[in-house]
Every structure is written in structure tokens, then in C-alpha cells.
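Order of writing sets the chain letters: A, B, C and D. Residues in each chain are counted from 1.
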Amino acid sequence: MRFQVLISGKTHELELTQAQDAWDCSVDGHSVVIDVREVSPGVLSILRDGKSYLVRQGPNQTITVGEHSYEVSIADPRSWRSRQLTSGSTAGPQRLKASMPGKVVRILTTQGAQVKAGQGIVVIEAMKMQNELRSPRDGKISSILVQEGKAVIAGEVVAVVE
Amino acid sequence: MRFQVLISGKTHELELTQAQDAWDCSVDGHSVVIDVREVSPGVLSILRDGKSYLVRQGPNQTITVGEHSYEVSIADPRSWRSRQLTSGSTAGPQRLKASMPGKVVRILTTQGAQVKAGQGIVVIEAMKMQNELRSPRDGKISSILVQEGKAVIAGEVVAVVE
Amino acid sequence: MKMFQKILVANRGEIAVRVIRACHELGIAAVAVFSEVDRAALHVQRADEAYPIGPAPAAESYLNIERILDAAKKSGADAIHPGYGFLSENPNFARACAKAGFKFIGPPPSAMEAMGSKTRARQNMEQAGVPFVPGTAKGLRSAEEAEQLATKLGFPVMLKAAAGGGGKGMRLIDKAAELPSAFEAARSEASRAFGDDEVYLEKAIVNPRHIEMQVLADQHGNTVYLGERDCSIQRRHQKVVEEAPSPAVSPEMRRRMGEIAVRAAQAVGYTNAGTIEFLADEDGNFYFLEMNTRLQVEHPVTELITGLDLVQLQIRIAAGQPLPFRQEDIHLRGHAIECRVYAEDPENNYFPSPGQITSLTEPSGPGIRLDSGIYPGWNVPVDYDPLLAKLIGYAASREQAVGRLRRALDEYYVGGIKTNLPLFRHVFEDADFLAGKANTGFLSRFASRPQPAPPRREEEIAVIGAGIFQALTGGATSSKNSDEPHSGPSAWKQSAREEALS
Amino acid sequence: MKMFQKILVANRGEIAVRVIRACHELGIAAVAVFSEVDRAALHVQRADEAYPIGPAPAAESYLNIERILDAAKKSGADAIHPGYGFLSENPNFARACAKAGFKFIGPPPSAMEAMGSKTRARQNMEQAGVPFVPGTAKGLRSAEEAEQLATKLGFPVMLKAAAGGGGKGMRLIDKAAELPSAFEAARSEASRAFGDDEVYLEKAIVNPRHIEMQVLADQHGNTVYLGERDCSIQRRHQKVVEEAPSPAVSPEMRRRMGEIAVRAAQAVGYTNAGTIEFLADEDGNFYFLEMNTRLQVEHPVTELITGLDLVQLQIRIAAGQPLPFRQEDIHLRGHAIECRVYAEDPENNYFPSPGQITSLTEPSGPGIRLDSGIYPGWNVPVDYDPLLAKLIGYAASREQAVGRLRRALDEYYVGGIKTNLPLFRHVFEDADFLAGKANTGFLSRFASRPQPAPPRREEEIAVIGAGIFQALTGGATSSKNSDEPHSGPSAWKQSAREEALS
């Protein structure tokens, strides 16, 4: 199996071959000898040159090695190319998104209003903390997509500034 | 759903109807009002008249309520009748079974030998303890089904006395 | 008075579990209450009985006196433990409990009231000879008056809003020339924030430490102190790391502080467990801040160095038993440090991170205590404060306690949501912290220092691990949505100081 | 001498995890070794490095000196901690470590040898003035000689095989008339069991307690004692519950026993941690049994009441550091009780119960320490002793420690295999235990008492729960195989005393 793995801003070529209990493995062309055991679902014990690593799989492509967590994107080469094309569209209307799950406690402006960069648009509350979402730029509020009292999830678009 | 549940030597008639998050429930004809939540896989939190019970499902039909464990047999009425017929055949050859998993460390007799009730037949070792399996009666060893050094599982037949 | 048979715990999360444990250890049945989102919570599982008290918002459940008393009646409990936060410092709740026939496990309502209002507390405490930060408690009429007073107190000084809280209307002033404009600015800020432009002046405490003294008083006139806790490591006025004893407190200072705390408690007829919070300067002077008339979140560090169980003692005191020891029987041994584990994302401005815990490995072993309110599968609700658990390390010395916490943090894994566990690893490697020099400014200065990068070899293991997980789960391709820019800048503020944990 | 950089732990299970934790707390890297069935064991996961040392049987892995030293060389460790059991009391291993350039974390081989043989130990100890059970250490020629001596010692007396062990050839004799036939029976049993018919006589200790004294000696001539442990609750000579302090030991008896233990250790040039085991009678007399020249399984109870870390101290001593305290600095505080959690089936004659742990909930919170070697998913191998974990409760008083253990046992759940956890629940409700009266006969008498039946309402909940699980998993019908009679009666004996844990 071949993968491209994106981690800390760099892409690595990974090749894996399962041979009985062991994995033959190469990273960016150099061979890595490891002994792997899945000790519980989502937890690997990996030995490499005697060093013992506990590797955990979290949600959202998080991989934890010992105490360090990494966000990892993984793809096989076919799908890789297409995904790279989709990134980084910063032009056009700016969508204001909730930074974390919570409830909308206040809406500080109205649809159609002119706003300045940094001006508060929506206040979200979670776990007794309030988070004010501010406009990323000067512009006009083209739509507000939430109501006061509504629950939002992280990343949900709450308003659009154009 | 209707079940017959055998516990502590007694059989109970259980009727369950799932209604949204709640279960309507009757045991031996009397209705029981409970609030049930599966808090993790194999773990139920049951509230009954305010009392809080944590109910866990173990392997081998073990159900644990709080600190007490019960061995439970459960069946729907169709299969129940047939199973009751199979129990309790004590006549004929006696099969000597391993009481727990382990390794055969010694065989104390040979096939065809005459043995007395209580005479040691096979010694099994597990976790640094040795267990001597003894003949349940006077008779002849008609077969020995294990070799020294062999691993056995709990309940495995190691010899037959007739 | 007879020991209680059944206690209702009017709280949730780790502290509800903590109180239930104390009940069980004393052979007392424990009753939980829960809101709609807490049906599957750990405290419900651990209690002998559990009753629903309403919808998720605290105002409709954990702050609803009537519903809690209804549950107490249904269960036949004879006492109520309020935990911390929620109704724990509400004298009306204490009175309502008494009226409904339930013993409230805490101080008398009169003592709660005497300490609950800033002005009444100051009056009572000044009479008892408790030291305050030098300054005026009453409003200043002009910048000139402020300047006269500041010269008398000595710079730096602090301007504060009389109606204030949360830093609004506060100004630190280093020299006289800054006073006139600062005076006007503070007044207008106070006016905008609180509708009241009264400001007053205090001597500024430079690099203060937050040090608090635990007291315990029975109903027979015995009051003792159990040593101090150093709670200087805070973020947004929320305590993050606490320890006992304080590296900045000498035995002589402890004795003085303890005796003053006992006097303060006695002055308001205090019984049960309580805490006097002080601000301490670098010269060992300390000044009264406030009294918390309840159990503190950080009570475990005191338990570990004294060998006592504060919750069991709270219950015994409420049942009318005398304290089983006197001041001279209390010996501090060793050092304890607590980490408050919050559901928050250290890589994203410490935003709250509620959600489901998909995987959990908890530390244990020598010198490690974990007071936790979570379990694998638990869905941490968005509705309450983000405290998940308290990890406490105890050992013969401070250095050894830090060593134990370091290895416990290596063992600790919470999957599915973000937590501030990585922060503690950095704190326990920080030279200032290790030297015992952390004051209340520590975390804000700390955040700006560069954190060590993870080792290269681990990154390669992460790459390999990611591939193996992919292969094991059938090689399905998945990708992270990173095609959208982040939302605009955002700012945080703390809500509802009444419910803040301290 | 410099502190070690890396330590290899020549053991497995909970004690390997315990030692790895101590290493990490001191900032020292830890190296694990593992047999083929232990690749996924917890100690391998927790170590910084891990090396395979051979197949499952201990003789080919954990007892294989050469392979362990190979792993040490590969890893570049500078010291080796043997844990308990396996090679920990093997002077040849200690010598081989030294020869290969690794510091052995334990006593000098000469001290191990001086205490390893019964006869040499008795000689050394008698010279040091250590009390022994009155009697003859040498063989008796005739029943007449036995009778004369018995009359001098006073009945009851005990006949013992000189070559003996494990109860073979032992006879308790209450009066003179029983002696002649008992003498012949004991001789012939000894002859059959050991090929040696020599028997000797000792005064019988009625209802003895097993009490042991912890000592600690550095390489600079300092030796201290850290108080006793009461290990009277045993099954088949295997300790099950231990506590410190002993309810049967007064401060004066502790001082005498401690001073004798220090003398015993000094008499053989002992360094590092060691334990002198005594048999104590009901009048407070105590008699030397043996010295264990290593860390004990039950060391945590001593750690809790002294506030010290014995494994960290072992490492410091081996590195040449002096003890950081003197005898007068050691103060016992509170009470600690340990439960050894074994993989065994209490409803089936305590047969071993290896297998996969399908589910695990571990207790924590105030006063609870858990030293565990398992995790959910771990497959407990059939090849080693059945100790899974040690649950230790600590509190200000014995009663409170028992209360904490009771509630911790309620929290503890091990699914998939059987454990002896239910036994502890019964022990902690037993009147004799609670009165501090348990002696070495406790568990055998205890087993025959009726256990309380579980409440009726819980049984009904079990019926309902079983049905709901059935419904949730799709209603598939399953049945338990109960159509076969049980196998014949079976008997247990202990194997390999050398590897027994004590």
C-alpha cells in the first residue's frame, strides 16, 4: 500500500506491506524496520530500534505519539491531486464560522448592515465562556444564518460578510 | 419481545417493549417502570423508583449489577423447550475435563489402566498453580486425549473413564 | 446528633462524584440529581439514587431550589451537600433546606451573608483585625484627592471601580504624572461598564501571589486552620494549578495567616469548611481578598498534606460531631500539586471543547490522585463549566511531586475532545515554576514563550501510524476539511462571575 | 556517583510498571524486556525502550540471565532493577550484572547469600541476637528425646522436617501422648517428600500473625527501619491482604522489632531495601522467619504511611547517594491496606482465570492508589503468577481506610476474566477483620462462613438487563453450556516456592 501523508505542513511518501504480524515500511524512500502490535482498538504499540512508541488514533485525523499530537491528512495518490486544488480560496464573500460548539447568545448586528473589520457580529457561549465572532474585514452583512438561542457546531457558518 | 430468563436456578418471564428512549417492561406478569440508558457499550444505567443501578454485560452470560454478578441463561420460548431436555446425563462414560485453562504438566496413568475414585489422572498448571484432575469413580481409562506440554482450555476433555 | 443516613448531592461533575465517594466511605447512601443532558453522567452512575431536576440550563436545574428540594423529599434524604459553584454560596438555599427539614452541609446562612457582600465582609474583617490592602474603600472625589492619597500610600497604586469586578475600570499607576488622565479614564470606563463612576485607590501589589488558608470549624466552638494553598497560576481569573504548601510561605507566615483566618471565621460565627483568600506580596505581607464559604475545587492538595478528608469532616461537622483533633495535632507532610483538567483547546486560544470522549486512559500509581467526572463514551455537555477532572500529585518534596505529575501526564490520554493537558507538561518544565517563583502573571507571560518542538523521530512514527490505521480500517480515504479560511479574530470574556470556580 | 541515565527493568506485570514509573519520576529512561506472550503488555507500552527476551516460559525469558544482559547491552542501560520474584533474589544474577558493567539495584550478592540459605541465615541471625522460635535446629534421634525437649519447651509443639517446606512432614502436637506416633509419621512423610527423614522440634506459635519489618540501608553505613506490615491474611501461603501499621503492634514493640531488623541487616552487610519476616504470637513475642533481600509486593502500604517512595530510594541508594533522612525523621501517619487482585475464580476454588480483559473500570479518588499491570484488551497469560493489580487504601484511621477500600471495590470492575475482588468485599465486612483480629488462619476459617445473598431487587434488575442486552444486540438467542457434569474432584498445590510472591 502507498500513501501520501501530510503532517506539520510536509508531505511524506509512505509505503506499507503487511507480512504476517510485521509491517515492512518505507518513508520517503528509506526503509524503516518496525514491530507493530494493535494493543487495543485505535492504539498501536510500535517498536523501532528498541524504542517503544504508543500511537493513538483520535477523531479528526489526529494521531498521538506518546504525549505529542499531530494533525495528519492521508490520501492515496489518486485522490491526492484533486484535493490539493481545492485549498486556499480567500477571495469573494467571507463566511464567519463558529470557532467551537456552543449556543448563540447574542446577535450584534442585522442583515444588510455595514460593518468594520473587528466589529462583533455574533456572541456564542459554551461552558460558561463567551466568544465574540468578529468581522474579518470591512463590508456588508449579506446574511445571518443563526438565531439567538440556537446551538451551533464548530465550523458552522453563522454569517456572511461581503 | 418476550424472553425466558434463567437466573439463580429460577426462570422468569420477561416482556420488553421499546418506546422511544424508554422501555416498558414486565417481569413474571407484574409491570416494572424503568428508565434505561446505555452509557457505554455493554453498560446500562437503569433507574427504578429513583434507585440507580449500573448493569454490565460480561462474557459467558454474566450480568453484573453493582457489585453482584449473576450467570444468566436467556432464551425465547421456542428454543427453550428443546434445551431443557439435554441436561443431566450422568450415566455412561465419565469425561474428565480441565477446570481451567493451562498446560498439561504430567499424565499420571496410561490408557487402559484401572483407576480408583479420587486417583490423580492428569496435572494441569496455570499461573504457577498445579491442579490435579482426579477420577470421579472406579473404572478404566478408556482414553487420554492430551499430551504433556499441551495447552488446554477450560472445559476441554482430557480423559475418559468408563 | 445522629449521623446522616442519606445525603443528596446538589451538584454535578467531578465534585458530585467526590462527595458521593465520601458518603459511601462513611456508609451513607448518596442521592444524585441530574439535568436532561446529565442522565448518563458519572455522578448518576455512582449514586445510590438519582432524580431528574429539569432541562440543561443551570437556572432551570442545578440552580432551581424548588426542584432540588423536591428530589430530596422524594428520596428521603436527611442532608444536602451543595458542592462548589451553583447554590453552594446561596444563603437562601441554605435557609430553604433548613425550612424543608434538610441539614445543609455548610456554614450558617448568616455567616454566608456576612462574607457574601464585599462591604459587609470588609467591615467584619477590619473589626477582626484582618489586614487589607492599604487604600480607600470609599469613592474619590477628584484627581487631586487621588494624588494626595497615592503619595501617602507610595507608588505604584491601583485605581479600581467601586462597583467593579473582572478588571473593568482598573488602572495601574506607576507615578503621579499618570494620575489625572488615568482617573478620568477609569471613571468613564466604570460608568460605561457598571453605570456607576465611583472609583477608589489601593496600594498596588507587585507580582502578587494568590494564597488562601483553609479553615474548619465545628459547632462546639473549635476552629482550626489546615495550612495554605498557593493558587497563583491562573488564566482569565480561573485557577489552573494549585499547590500546598506554598513555596513562598514560611512556617511563621503560615502561623500568622492561619491565626488570622481562624479569627476571621470566628468573627462571623463560621462553622464547617471555609477558605480565606489573600493576596501576598514579595515581602511576605498578605491582604484579605474574600472568604469562600464552601468547599474549594482545590481542597485535595490540603487533604494530601494533612492526611485528612475534608468532605468527610464537613459531613461530620454538619451532623454535630466535634472536630476529632486540635490545632496542635495537625502536621503538614510532603507537597501536593493539583492540575485542573479542562475541556479546552490550548492550540486554539483555550476555547471550550465539549463533545464525546471517545477514548480515555487515566493515570494512577504512587502519589497520584485523580478526581474525575468523566468516562469513555461520556458526552461532555456544552452547558456547564469545562472542568473534567483534577489530577493531583503528592510526594515527600515539591520536586518529587512535580516528577510524579510529569509521568502521570505521560500516562493520561483523553481522546475525542481537546484538553489543556499539554499546558501542564510545559508548566512543569518551566524554570520559574520549578524555582517556585510563579505569581499571578505567570500564565500570561508563559504563553508567549516558545514551546519545544516534538522530536523528529516521533513525527515519522506518526506518519507510519497514520498509514497503518488507514490500512487496518480498510484503507478508506479520508481527508480533513482545510479548504476554508479561519473565521475572523475573536475575543473571550468570562461570563457569570457568580458561577466561576475558585 | 552520578545518577543513572537509563535503567533496565528485569520483570513484568504491575511491578515492572511500578519501577518504570519511579524511573520516569526521577527523569531516568526505562527499558522493558518481554517474553513472546508479553509483547502487548502494559510494561512494554510504558517503557521508553523494550526488547524481546524469548518464549513464554519464565525459564527461557524472565529467568534467562544471558538474554536479559544482552538486552541491557543493546539498550545501553547503566543499571538493572530486578523487581520481585524471578531473578530478584538470585546472587548469581547480581554478580553477572556487576561483571557485565551494570549496577544491580539491590543488596550485595554476599548479603543475599547470607540470608538465602536457612541454616546460614539462622547462624548469622542468632549471632546478631535476633529471636528464633525456641526449639532444636538439629535433628532428633528418638521420640524419647523429642518428648523430653517438648516438656521443656511446653506444649503445644511443632515437629518439622529439616529439609522441609510447604507443610510436608509438619505435625502440631498438643500433648505428650501424641508424640511417639506423630514422630514416626512425620519422619516417614519427610523421608518420602524430601528423601531425608530428619525432623526437629519447635514451640508451636498459636494463632500466629505474619509481621514483617521494612529496612533501608545506604552504602554509607546508615540503616533505618520504616515500620511493620501485617501480612497475616493469606491463602495457600500466598498473601492476599496486607496492612501497615499492624493492629497488633504497639509503638514499643515496633521499636524493638525495628531495632532488631536493623541489627539483622547490618550483621550481613546489607544495603538497599530489605524485609525481615517475623512470626508474632498473641503476647507480642516475635520470632525470625526469613529475610527477603528485595522489594516486597506489599511495599506500597509502607510508602503510604511514611510518605516515602521505596523504589526511588532503592535507585538513589544503588547510585551511591546517602539516605536523605535519619531514623528520627521517620514519622508514621495514618493507616494503609493493600488488596492483591488475582486472576482467580472465588466461586471455583480460586482456580486461576487467565484470559482477555474485555472491559475495565478502575477506582481512583481520595486515598486510593492502584498499582496495576493490566488494561482493557490485555490477554492475561497463563504462564505467570496471577497478580493483576494492587488496590491500596490510605486514610487517617484504619476504619476510614477500610471505608475507602469498600467504595473503591464498588467502583472496580474487571470484565472477561474472574478475579478475587468479591473476596475483599466480604473480608471488609467481617467482624474479626474489622476488630483487627485476623491471624494467618483467617482466610481458611473465613471461607466456610456463609456469605450474604445479593438483594432480591438486584436480581430482578439483572433479569431485565439481560433482556435489554439481548434486545440491543439483535435478539440472537444464546445459551450457556450446562449439559455436562463437572469433572471429578481436584486438588491444588503450590508449585515452585522459589518464584512464589511474598
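FYI, contacts are C-beta pairs under 8 Å (C-beta built on N, C-alpha and C of every residue); 3 or more make two chains touch, one makes a residue touch a chain.
Bear in mind the structure is a predicted one, so any value in this text is a computation, not a measurement.
In terms of the distance between Cα centroids, subunit C is separated most widely from B.
C-beta contact counts were set side by side for B-D and B-C; B-D has more. Subunit A and subunit C have CA centres that are 32 Å apart.
One inter-chain figure worth recording: subunit B and subunit C are separated by 50 Å, centre to centre, where each centre is the mean of the chain's CA atoms.
Averaged C-alpha coordinates give centres for subunit A and subunit B that are 48 Å from one another.
Among all residues of subunit B, those that touch two or more other chains are 51. Touching two or more other chains at once are residues 375, 410 of subunit C.
Of all residues in subunit C, only 343-345, 348-349, 351-355, 358-359, 382-386, 409-410, 413, 415-416, 422, 425, 454-455, 457-472, 475, 477-496, 499-500 touch subunit A in the complex they form.
Across the complex, subunit D is touched by residues 17-18, 21-22, 24-27, 46, 300, 303, 307-309, 311-312, 331, 333-334, 361-362, 364-372, 375, 395-396, 400, 403-404, 406-407, 410-411 of subunit C. Of all residues in subunit A, those touching subunit D in their complex are 35, 37, 39-41, 45, 47, 50-52, 54. Residue ranges of subunit D in contact with subunit A, taken from their complex: 31-32, 39-40, 44-45, 47-51, 74-75, 375-378. Residue ranges of subunit A in contact with subunit C, taken from their complex: 1, 3, 5, 7-8, 12, 14, 16, 18, 23, 25, 27, 32, 34, 36, 38, 42-44, 46, 48, 51, 53, 55-61, 63-76, 79, 83, 86-90, 94-103, 117-118, 125-137, 151, 155.
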